[in-house]
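Naming follows writing order (A, B, C and D), and every chain is counted from residue 1.
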Amino acid sequence: MSTEMNIEEVQASLDRSPFISFMQLQVVSIDQDKQQIALKMPMRPEFERGAGTGQWHGGAIASLIDVAGDYALVMKVGGGVPTVNFRTDYLRPLMNTDLTATATVRRAGRTIAVVDIDVTNDEGKLCAVGRGTYLPVVG
Amino acid sequence: MSTEMNIEEVQASLDRSPFISFMQLQVVSIDQDKQQIALKMPMRPEFERGAGTGQWHGGAIASLIDVAGDYALVMKVGGGVPTVNFRTDYLRPLMNTDLTATATVRRAGRTIAVVDIDVTNDEGKLCAVGRGTYLPVVG
Amino acid sequence: MSTEMNIEEVQASLDRSPFISFMQLQVVSIDQDKQQIALKMPMRPEFERGAGTGQWHGGAIASLIDVAGDYALVMKVGGGVPTVNFRTDYLRPLMNTDLTATATVRRAGRTIAVVDIDVTNDEGKLCAVGRGTYLPVVG
Amino acid sequence: MSTEMNIEEVQASLDRSPFISFMQLQVVSIDQDKQQIALKMPMRPEFERGAGTGQWHGGAIASLIDVAGDYALVMKVGGGVPTVNFRTDYLRPLMNTDLTATATVRRAGRTIAVVDIDVTNDEGKLCAVGRGTYLPVVG
């Protein structure tokens, strides 16, 4: 029996987490063959760096990166995949835009998985990148 | 004229940011000589990984690391210090506890600053570590 | 006057460094439009983890990643570009093979540049990845 | 039976690796209780960035960081401990000096270990820092 999740199951799994639910993440697309998932995150006032600036705080961007990297694996194994560590690089300010994170599995080994995450703005411009290491669940 | 901030000024600066304000960060201590700041973050329902578990989501921990690292520099220069990149390592699950992040400047150069951040639980046990690179503001 | 280097100039620049010269790096290709460079590194006995195993030590792989990331920028600006920090992830053991590192600039800003580096074996299999931050030279 | 190594056993283990042997690493001290090891690395012409400059190439520094972090664990478990990933931050140029790397285990869990590595020059000044994740050997 396959443990792969479809787009509705991934969305339902995201929505079950209070933290992710607060982030209002929406699944844009999943591709099990490419081991890739895209998530969208709308601005909300609590995520602004400075009041009324429309600028995303870096912590919200890092949170998106962590979740997107995680779910590129979760959607495959059907369960929780703890983050070991991850790196966030900020390339450009993100202002007055939704965020889209596209996470791609670079390696899913027996002991360790590595995922790359690109974050783009509404114009598709690359604004932040992440790289995370996760512990794959042994079924 | 010194640009160093005292504890009330640091707290006021934190509170002005909607994102940080939502995180309810409290300054525990600052030490300008040691270039060290400690911030406390209480649990709130929106930060739980799973509903009712009392477990912190990793994204909230990463956000705390970013802010603490940043403010170890902000309290010195008196203004914004953009994050270049940072790394978060999760060492133990954080459950049913406040978080305390202690950030220590390892190097504040002319072009780049590096800060280490330790995150402990209520018992003082080390549960996560961060390391961030920041662009110091040229006065 | 352009500061862009051609393939012979990049090779000559690599060869001038004792460390890189010892690594015996060869430029495979450069693409200024894609901001991409590929470097090849042959095994030598000093780079083995265990004697006679044919397995690369991780330190040699990390060194290759640092140099490849650096030269994706050097070939553009025509001079030294200091590394701020970099991360190395090992995905598979590298044994009895040359290494090829392909470095691609993800962002070359005014203050900070970020480069991704993929390391493959003779069969083109991805075995390690790097991500580095560099300080672009101001001309 | 303990698997802990004494200083002579650690030195002998280092010397058996062609790569580490080429680096001429010497154990300065080990402390099993503190989970800390210090290694010294002398300059050799092959490690210079530019010929005759006396400046260390960053790749050699990163290699030292990887090995020191690894051996903070190896000395405990008595066998190989693969590196998952590591980060290197350069804080100051290292010129005309030996390097000393002091590696301290921050967490040695069942599945993942995290080690911090500080690199100082002959005057004890902090010049680079590393943080590595390793897979502890299950005995």
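Assume contacts are C-beta pairs under 8 Å (C-beta built on N, C-alpha and C of every residue); 3 or more make two chains touch, one makes a residue touch a chain.
Everything numeric here is computed off the predicted structure, so don't read it as measured data.
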A-B compared against B-D, more contacting pairs: A-B
Reference chain A; chain at largest CA-centroid distance: D
For chain B paired with chain D, centre-to-centre distance based on mean C-alpha positions, whole Å: 28
Whole-Å gap between the CA centroids of chain B and chain C: 34
Centre-of-Cα separation between chain B and chain A, whole angstrom: 22
Overlap residues in chain D, where contacts from two or more other chains coincide: 84-85, 87, 89, 114, 133
Chain C residues touching chain B - in the complex, by the definition given at the top: 84-85, 87, 111-112, 114, 133, 135
Chain D-touching residues of chain C, taken from the complex the two chains share: 16-20, 22-23, 45-51, 57-60, 62-64, 66-67, 82-90
Of all residues in chain B, those that touch chain D in their complex: 87, 89, 91-92, 106-107, 109, 114, 116, 126, 129, 131, 133
